[in-house]
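Listed below are the structures to be examined.
In the two complexes below, chain A is the common chain; its partner is chain B in one and chain C in the other.
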Partner chain A sequence: MEVLTFLTDGVLLALAPTNLFLILIGVTVGLFIGAMPGLGSVNGVAILLPITFLVPPASAIIFLAAIYYGAMYGGAISSVTLGIPGASTAVATTFDGRPLALKGRASLALVTAAIASFIGGTVANIFFTLFAPLLAFLALSFGPPEIFALMLLAFATFVGLGGDDIPKTIFSICFGLVLATVGFDTISGEPRLVLFDIPGFLRGIGFIVLAIGVYGIGEMLWTIEQTRGEITTTNPKMTVRGMASDTKEAIRDGWKGTWIGSFIGFFVGILPAAGATPGSLMSYGVAKMVSRRSEEFGQGSVDGVAAPEAANNSASTGSMLPMLTLGIPGSPTTAILLGGMVIWGLTPGPRLFVDESEFVWGLIGSFYISNLAALLINLAFIPLFIWMLRMPFTILAPLIFVLSIVGGFAAARSMHDIWLIVIFGIAAFFMRKFDYPLAPAVLAIVLGPIAEPTLRQSLLLSSGDPMIFLTRPIAGPITVIAVILILLPAIKLLRKGRRPSEA
Partner chain B sequence: MKLTKRMFLGLAASTAFVAMPLAALADGWTPKRPIDFTIMAGAGGGADQIARFVQSVVEANDMTNRPLIPTNRGGGSGAEALLHLKDARDADHTIMVTLNSFYTTPIRQEGLGIDIETFTPITMMGVDPFVLWVHKDSGITTFEEYVAKVQEMDGDFVMGGTGSGQEDSIVIAAMSDAYDLKIKYIPYDGGGAVAKDLAGKQIMATVNNPAEAKGFYEAGEFVPLLAFSDERMPAYPDVPTMKEKGHDFSYYNQRAIVGAPGMSAEAAAYYREVFGKVYKGADWQGYLTAESLSPLPMDEGETRAYWSVQVENHRKLLSALEGGS
Partner chain C sequence: MRQGEISLAGLLALFSLYLMWKSTELPIGYIRGQGPGGGFWPFWLSLGMLLSCAAIAWNWWRGTSPAAQSNEPIMDDFGWRTVIFVGGGIVGFVALINVVSMYGAIAIFLVYYLHFLGRHSWWLTLTIATVLPIALFFFFEAAMLISMPQGMPFTQPFFDVMYDIIY
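After this line comes the complex of A and B, so read on.
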């Protein structure tokens, strides 16, 4: 097996003392950057990019990839402990991670996240190693109609997410979609919905801003109002035996979500337009849909933590694939990595595997090592994060506010974002109060900016004929499945509605 | 000797008095705070790559006493960055990496009230030419075959680009006008996405910077047909230019460093010195060659003259674009 020789060489290169050292540092730095609300892998990689000039390119990218990995693990930490997604990729982790933490099972959620991440990463690595060129070809066959069909599918898997109140769910989705259209319209090349002519809106409303506002400020206000400052987390304990039993429970209850996340995450991740965030959201939706205990989702399901966490790690490896094989970034972080490669004098693209085989395989080898290192380092730090949770809520709450504001500012260095965070936080509090689900709005702001341009590009391609979504070989089946999924709850609802009247 | 308060103040004042002109003479103006290094585009695009390359060279060689803090302000096709510079509270510590939206955005969005002639020229790092590419599977190998194919398809020939009013759409419009071509134009949100969809044969041709298409070209996937440069490009000696074909048209993407309006002359001199060094350095010269950028060194006066020519040109090109479509 030629691949195995390459891989062995790559792993050995990654295990060289300098590289191993860089991996350990990178994963640890990434873990903490990822755990900061607002700061994600993209910030970590961008900040540390200039440092990489001191080492050879292979070591440099290994270091940056380790940060990327570490941040994917770290994102779960603030999602679970603080209830704020540490990065956009970890938003789905809050849906069940937070309820688990509130039940005093934070350690279970964190252990599940770590193990699921490890499996997701490993599955993705194996796919990557064996099928990289083939998968690159698959990624290329996804044009605008295919990506739009996929986004439709992502929305469809989430129809049930908002609970039973469908009008309120639809309102929430529309609210998110409207926010997603603010800023600049690529298709016409004109600014649009620049509210009150405030220049800050030219950039559009970032996902991070909405997520920090909704989860950081909004949830905090809600919790304070509900509990009047009484401690909300029920005495989380952390012992070695407790961790061992958590591990068992995580594997028993989370294996299904882990597999779903590993596969969906990877395949969505390799599509340059999609990336890790839609991948983890879709995995969550699918895991809920196929689960026999779907009513537990949103209340603290282990599968609900495992699926998005496995997916975001799997997708982060997946998004390296178009970067290396095609020179096209699959996510904002890989875009920066790509810039780094150009700076190091490499040409990403179809020739990279041939011309720079040592570099490529060293990187792939480092994925395996980073993934293992991230698992171990993460497990080692879990007690620290649990200990943090034992702080009285009256101390924790102001800390969370400060972290939210600082993290929100650091992402784009803009005061405009801070005001938006505060406004969204207050708005989210009232939406919550009137029982409007917030997750669909967050979903819409992630998927909207992908779905809208691809829809319009597709219709431009077909001169306005919507049949393009049904007649193309890949888009067709995806669209059909999506439409069925969207209609399914409606059909169920109709049946349910009819039965009592018949009886 | 008893150190009285008055004496202490006197000493301090005289030290400061002696030290101040010396420091000023030795180094001139130096930054006192981290330097706001605004990038006029989103993360990962061509302008971003260049900005991060330049930042890395500056950091690696320790060329500034305060760090450059790169921030992507690509919103509104660069409007966000332009406004940020226009309203910069500290003009001496605010600089920007530009592309051609530096010219087009103030023309297209007059409401912003931006006059780029008020901005401070720092260093012209080079200009990025454009090339017309097709996929090798299309069977097209020359520009003439391309023209014949587009005319034969009569409006169904699909090209991708980065959007109406963007650099490539200006080039495509000029080319279509010169050869009477009808093209179906699909806007994408970045040059990388455009190149990817040509590789996947979702679109039939593109006008990309060589840097964006290089990987696919070297792998034999993309075929260059026509360059929109003044002369043939050293890296693509067999590719004819539009000028050779008898149409006086060339178009480049400007890669320049620009200072905020109202920057003091001393600060501007400092940055010119720093980025002038970057420009002459082996790293940047290597980048220019590898990515097929053309050097275009200019001093302040030349840059200002170049800007007014470019603004005039873009005004004409954009009005032709809007009139045509």
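After this line comes the complex of A and C, so read on.
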């Protein structure tokens, strides 16, 4: 009951006119920043951080949390309408969101994303409200071996994402992971894999460079070549009745993915250093695995949009948990929020809930209000995003190319990276022609920087004994499941290969 | 397609070998007290890439992948032309950024694509090619505080006027 009283006070604080105004502005700004390829919640929060010194700390963090929420909703918009994941958290949304848009069902994809995000956010808020301190300490029991086992599980789900050609999928995963190692070795600090001794590679290869190259350039070239530039499928209609029917369809066909995403997203989100991206990818993989219509994934499955979208919103709330209760940020955005809190004179950690309860509960109350505001604002803007898709393809295509290049520069601020985008784009086009799945490479470059240090730290802990991944109580079962998942498609393929010869 | 499949696998295998060699610049084994060396992770992953290429070649030899069974060309003339005109346009766009600034390159690329490839009217082309770079300028330079490349010195008068509007 005490929690309910605190929560009511928190919601009332969030509904105060100034705070409500900040929530509405924050969500709208976040939505558009998130929808822009190359820009994500981290840019919005970082840029607007100085503005927050004009208002009290509670209002400031409410504003920044609203931007964070809005950007999480917005990431799906560029994934669906442009086919470019605006942020790493929205990569998995592209897999089914874009095919739905190409079938003229962009409205269904956007409505599904909005509803799933809302449910994911709400489930996470409830968990957050009820179990925050307890879950934070549970998350602390995840050391490097557990996090690496979790990454292994995420890679195992990729093998399933890549279709039947296992060698090409494994090549793609390894390629993405190797690209993630370019730059500096984070443990020894020495330069590593500076390809062809070009100094630009010392900066490493960012996820966004590969993602924009593959989706913004490569995929677009492939679409133009395949359709001969005459796309007839992006002619969606947008009416109130149509949106109501899309809502029904989204709930009917996307409920399973939504619940999977809501739960997995939250629990992966609360793990320090994990965040929303692995959460959304794992949710997509699990939703595909448990679906009775798994063959529809990648072709425009409603569940395939719902799972990652529910997960990234759920995880973004979850990642606030270690930040507030332990002072450990779970994502780059929460790291900036943490910095803001320190500047405002607040000390994140176990004492925060006791010493600054009004601030904490005001923030939690604002999560509920921001989530609702984000849903309503997002639904209100869907017709605008749909209108974009009604443009002739000969106008939309150059706009996508321009946004890819300009967004790529905004993210990396380097011409070297822009050239890499072009090279990756052209290479992706030819690899796509020969059925190399490229999504696993994009996912691997995101997870590589988490996987490598945790593997090396684990092996250091065990003096080089890999059994550490099997003998620890949490890491062990996760590793076993991951290995089974990796081997399953290979076994299926072997059995399929044997059958004709037996006959 | 069949020839392309094995050529691409060969090219990727060579790249994998290069990555393996490059990884050995840092230790690839276990260092007592320090854990695996800096080259350990990329080296074994590159080996994974090489082995995958070998498996792709094996599948090609057995003729099990769709590309290995196809005698069609990778693309017809129309496909090559489209890819060269569109891909070439993008390369030209990026090459122009350091000459005429990001915004100037956007305007030129839009004119090239909309009018010459898309065959849209001059009125529509010029409207989009003018409005979009200006809108992007205000979004990035004023709202997001991100400076885009300004090209060679002759573009400065344009930026002076635009910055006067912002500040």
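Following the convention adopted for this analysis, the second predicted complex is superposed on the first by the 501 of 503 C-alpha atoms of A that agree within 3 Å, B and C clash if a C-alpha of one lies under 4 Å from a C-alpha of the other, contacts with A are read in each partner's own complex, and residues count from 1 in each chain.
The working rule: a contact is a pair of C-beta atoms (placed from the backbone, for glycine too) under 8 Å apart; a residue touches a chain by one contact, two chains touch by 3 or more.
Remember, it's a predicted structure, so these values are computed and weren't measured experimentally.
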For A:Phe53, is the partner it touches chain B (first), chain C (second), both, or none of the two (neither)?
first
Given the touch rule stated above, what does A:Leu459 touch, chain B (first), chain C (second), both, or neither?
second
Per the contact definition in the header, classify A:Glu2: touching chain B only (first), chain C only (second), both, or neither.
neither
Touch check for A:Asp435: first (chain B), second (chain C), both, or neither?
second
For chain A, which residues lie in the overlap of the chain B contacts and the chain C contacts?
187-188, 190, 413, 457, 460
Could you list, by residue number, the parts of chain A that touch chain C in their complex?
33, 39, 43, 47, 165-168, 170-171, 174-175, 177-178, 181, 185, 187-188, 190, 192-193, 195, 217, 221, 224-225, 228-229, 392, 394-395, 397-399, 401-402, 405-406, 409-410, 413, 415, 418-419, 422, 425-426, 429-431, 433-435, 452, 455-457, 459-460, 464
Tell me, which parts of chain A touch chain B in their complex?
42, 46, 49-50, 53-54, 139-144, 183-184, 186-191, 194, 197, 199-200, 202-204, 272-273, 322, 326-329, 332, 334-336, 338-340, 342-343, 345, 347-352, 412-413, 453, 457, 460-461, 463
Give the list of chain B residues in touch with chain A in this complex.
43-45, 48-49, 52-53, 55-56, 59-60, 69-77, 79-80, 83, 108-109, 111, 158, 162-166, 169, 184-189, 192-193, 195-197, 199-202, 211, 214-216, 218-219, 221, 286, 290-291
The answer for chain C against chain A in the complex is residues 1, 4-5, 8, 12, 19, 22-23, 25-26, 30, 34-42, 45-46, 48-49, 52-53, 55-56, 59, 65-67, 74-75, 78-79, 82-83, 86-87, 89-91, 93-94, 97-98, 102, 106, 109-110, 113-114, 117-120, 128, 132, 136, 140, 144-146, 148-149
